[in-house]
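Right after this note come the structures.
Here subunit A shows up in two complexes: once beside subunit B, once beside subunit C.
Take a look at the complex of A and B:
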């Protein structure tokens, strides 16, 4: 049985582990701290700037999407969608038309796939919308959402504030606290009872994403039915519930399928010095007691880019890959890393590892550095994920391709 | 040198720790690990107690440090700050007593049956709650009439044996207070398993690991215990003899807490740390070949495995699963709860016991609803607490392993 170590517990690492165990490999997933999903909106952005199915084939050949191939994206997304469907967290959408979802700032987030409770807020549907905040929750301002959507020419009805049946809290509730309350049947009954009379005439209601953590699908459907209108969620400031729900689902799925998960340690790669061509022999985990070696036939890095710890930008102007100190493609000199305005495309966003079509990191000679080392997700060079609206799509496609190439 | 306070600056205030905190999710008395820790620390004069009374609600489970993606030692910062509060007030008699399980064990062992009878009587528990604020709902362990050290006197040694032929198969057993005074049968099973796997087991001099003192903010006393243990154990570690324990919290103290929380960072504590193994970590890591050759007897049962929060902090995953999964007929579900709530002595305290119960409610309800035969957990206080609140038998995974090896 092929033993594979996946480093990184975000969307890419979790999916890669699941793909690998599905192909019969013995998988260990190592993650230092919870991954990017906790901070994410929970949607799968594939190409936000235009229709993904048309735009992707026109990208330059060095873009991660072109290297991974259209088929990897399609199959990976299909796999993810099935997983979510089976776990009662259905995702809606496809790559031939983006959803247009309102954000907590009143801007429009274009995404290929979104959880059903978010997708019902799709602005291509012109059912009039009302946005509601809830009393006591200070991380969501319905007036701001409405004002900005109106500026963008979206017909929107109104902003309002709804009460919650909470006892006097000793601190501001977090989105997570409220979501836990919504997991409770009695709480939902009470909410429906007090909200209903305040919502007469409303066709579609947007609320902050707080409708449950453990069983959000049930909470959403039940409230929708009780209120008698379309109800949708808008992701809040992190930690964001839609991201947490997806993280929880994938973590549990991975463990159920037999992935051995190690949370906590920092990871360093180990190179097999005697092998020709060069190979990695596994990783060393910095556990509570000290370094523990984990041998592996294959290592896959899904450690992310600069935001997630895969790349470390040093004060001395060096950009370093954090596990094996692999060669990173970047501009020398810190002054070149950022653009003049924060709203421009940032040069640093494109930095990362150069890879081939098998998702193997390449050296200066254009050849794989280690025959059994692969990578996926934000670590790969050549894409401005925030600007393109491509972060999750690249994660899914490259995770699929890397595992396919590694395990055949 | 690892200094928790210096990691404060790495905090981005992302709140991932707050969303994962078991206590903050059930109690609004606790502001959350970030708010009382890295956030409050920014306004804290060095070496002064933080003016955040809410901090005392922290149970010390350590999940905040584990999930932090930026390497902030949240739990460690908070435990040190709690000790600052403790320093400036008179220690409650209750906290003095419950943080010294070894002293209690030594006093009560000779009169075990009398002590057990009186501690399990209702009037006595009522009296303990009224006089000492020890919750009458909390499980108290029962004392064994003969300690492990008495029963295995021939294995007790003062110093490592002279270098000889057998020493490379030698294991030093760290029994902790619970295997010594409360559950010596468990300790004997652990020793038997190790011996069947070809190890020769010796029992080095040791005292309570000091974790209960540390959790109660009594760091000076904890440090004394730690220093004694380090000076006894270091000679064994230097001789290359691994130190193996069955209690995940004791082994975590030897690996991590002595160095990072109590600040004992020298060659001796480092070698003790790197030579210490959790029981199943040792089996799966050091004795993998021997384990592979074992033929487990079928054991038909549907069980929940609850990994203790203290095991999570080792950064080694849940190694017991690797062995349990090989036992034919054993159906294992994972606990839905990150922490059972008791966190050592936290749940025993009358003012904390309701919060502690609510933290563990998910696992209690899961155990009842799924109608499992029993629950498995590596830590003694978790086992006693889950047994008390579910009415189900709760075993250490090694008891099941022993059964499948036909040892019992």
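Take a look at the complex of A and C:
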């Protein structure tokens, strides 16, 4: 049985682990912290700027999508969609037409796949929309959403504020706190009772994404039925529920399928010095008791870019890969790394490891550095995922391709 | 064109201009102050926060040292609510000249600057994170002073005394009649309206813009603009102001102020008052120099970098690029004496610590020239604290932490504890909808997340309070202003924080870009 160590517990690492275990490998997932899903809208962005199925084939050859191949993206997405469906968190959408979802700022988020409770807000559907905030929640502003959507020419009815049957809190609630309340059947009954008379005549209602963490599908369907209207969620400031729901689903699924998960330690790579061509022999976990070696036939890095520690940007103007000090493609000198505005494309976002079509990190000579080392997700060079609206799509496609190449 | 008249027109809404306006109000003059941007947007809001004891300048600039020593207790008396009693140390590190402390100590005594030598182990017990290899330590009367608090207090005091403070009014031209300045053409930048202001006297307190203003009256003032960069750490590794005991130079001071500690400063001559970009080498040099004072500096996270421009008088014909050597003392130019132009004086340079003295001397001149006005009272009359120590976190906490939970208020900026009603009030009372103005009033977005979370919330509240079709770009402008201070520090943890901002405002919220050209 092939033993594989996956480093990184974000969307990419979790999916790669699941793909690998599905192909019969023995998988250990080592996660130092949490990935980006807590910050995310929970959708699968594939290509936000245009129709993904058409745009992707025109990208430059060094783009992660081109290297991973269209088939990896399609199969990976299909796999993910089935997984979510089985776990009662259905995802809607496809790569031949992006969904157009309202954001908490009243702008439009184009995405390929979204959880059903978000996808019902699709602005291509002409059912009139009302946006509601909930009392005491500082991370969602319905009037701003409505004003900006109107400005963008979207037919939208009104903004309103709805009460919640909560006792006075000792601190401001996060989306997570409210979601925990919505997990409770009695709370939902009470909400439906209070909200119903205030919502007469409304066809489609958008609320902040707070409708439960543990069984969101049930909470959503139940409320929708009780209120008698289409109900959709809009992701809020982090911690963002739709992302957390997906994270939780993947973690449970991975463990259920037999992935062994180790949380906490920092990870360093271990190279087999005698092998020709060069190989990695596993990883060393920096645990409380000292280094602990984990041998593996295959190592997959899904450690992410700047945010999650896969790439370390140093004061001396260099960028280092954190597990094996692999060669990174970047501009030397930190004056080149950022752009004038946070909303523009950022040079640093494109930095990372150069890989081949098997997702193997390449050396300066263009050849794989270690025959049994693969990588996926935010660590790979050549894409500004925020600017392109491609973050999750790249994660899915490269994770799928890397596992496919590693395990055949 | 609408026209108004007043006795005194003050140009510039920094601490100098506000000081002049306040002093003149107390002397019974009718005063209007115009400021092209917001209060303290120039040099006053971009300083490191030290109420100087004078010790820093004992050798290099005895005039400034004496002025600071006299003014220090006066500022403590009139504006105690703006001051945190940090105290100050001067310490000799192994990298500092060994013969300097004795000369410096003698100079302090000569110029009336209080200084007391203390055992180094006492200094190290008080501040355990400073360099353990210091050979001498001295205690001085430095304190940290929140300039935003002081400026806001002055604005309120001026308005209560009947003076007017006009923000976002740009001086376009000065009108001369014969050899006297008699009027000013001003544009209201919010409405675009032009106004003529007639006045008996004009005080040019425009800081780095002082030369530009004087030019409008046909006068030239040779000044040099010395840019000083500062870095705020996201923590307070020291609670006393720590100075290096050596001749004034780059990276010789660490100032705990509010929730942060500020590392200061550099001195680079620039051509224009808006040349505020900070070079990578400036940052590296500042960090390296301050690391000598604070060996564990690398473990602290740099939060933000900014630069201010010192307008220095180039009286001696020094060449470009030699600003460190120019005197820091203030300069009052009577343009009647100096240039034969009546009705106008320029007051500039100097320290924030000496702003009151500068104002006193300027208004003495005004009173002498226009022949009306009482004698100066600013040293005796305390400034009425508008919101006592509002800028200090413990006070904010007291305000926010009410035992009665039903009246609990939403905290919008968690880093700086800004609550919802404070933001609502600031928006209602402000003529502009600029989130950056609210920041200067409330410290919104000045903490570790640099508006990552509160920027969206404030934009939402601003829309609810003052629905305006002109909301485009408001959020981006605010984010960009915060980003500007992060960019020079864009590596390691700070770059990670920047990426979180991007994940929120690009991935999650799809904040629209406006097409404003880069500065």
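Brief remarks on what is shown
One rule holds in what follows: the second predicted complex is superposed on the first by the 408 of 408 C-alpha atoms of A that agree within 3 Å, B and C clash if a C-alpha of one lies under 4 Å from a C-alpha of the other, contacts with A are read in each partner's own complex, and residues count from 1 in each chain.
In this section, a residue touches a chain if its C-beta (ideal position, glycine included) is under 8 Å from a C-beta of that chain, and two chains touch if they have at least 3 such contacts.
Computed from a predicted structure; not experimentally measured.
In the model built by aligning both structures on subunit A, subunit B fits alongside subunit C without clashing. Of the two partner chains placed by superposition, only subunit B is touched by A:239; subunit C is not. When the two structures are aligned on the shared chain, A:408 is found in touch with neither subunit B nor subunit C. In the superposition on chain A, A:335 contacts subunit C only, with no contact to subunit B. When both complexes are overlaid on chain A, the residue A:174 reaches subunit B alone and has no touch with subunit C. Legend: residue contacts after superposition of the two complexes on their common chain; A:40 is shown touching subunit C, with no touch to subunit B. Subunit A has more of its residues touched by C than by the other of subunit B and subunit C. Residue contacts after overlaying the shared chain place A:105 against subunit C, while subunit B stays out of touching range. With subunit A as vertex, the superposed Cα centres of subunit B and subunit C define an angle of 90 degrees, given in steps of 10. In the superposition on chain A, contact is made by A:261 with subunit B only, not with subunit C. In the superposition on chain A, A:292 makes contact with subunit B only, while subunit C stays out of contact range. The gap separating subunit B from subunit C at its narrowest, counted between C-alpha atoms of the superposed chains, is 5 angstrom.
Within subunit A, the residues touched by subunit B in the first complex and by subunit C in the second are 39, 169-171, 238.
Within the complex formed with subunit A, the subunit C residues making contact are 280, 284, 287, 405-406, 408, 410-412, 420, 453, 456-457, 459-461, 463-464, 467, 469, 471, 475-476, 479-480, 483, 487, 490-492, 495-496, 498-513, 518. By the touch criterion stated above, subunit B contacts subunit A in their complex at residues 14-16, 18-20, 24-25, 28-29, 31-32, 35, 66-71, 252, 254-256, 270, 273-277, 285, 312-318, 321-322, 325, 334, 336.
Subunit A meets subunit B in the complex at residues 28, 32-35, 38-39, 169-171, 173-174, 176-177, 180, 214, 238-239, 244, 252, 255-256, 258, 260-266, 285-292, 308-309.
On subunit A, the positions that touch subunit C within their shared complex are 36, 39-41, 45, 103-105, 107-109, 136, 138-141, 143-144, 147-148, 151, 168-172, 235, 237-238, 240, 305-307, 312-315, 317, 333-335, 337-338, 340-344, 346, 348-349, 385-387, 389, 391.
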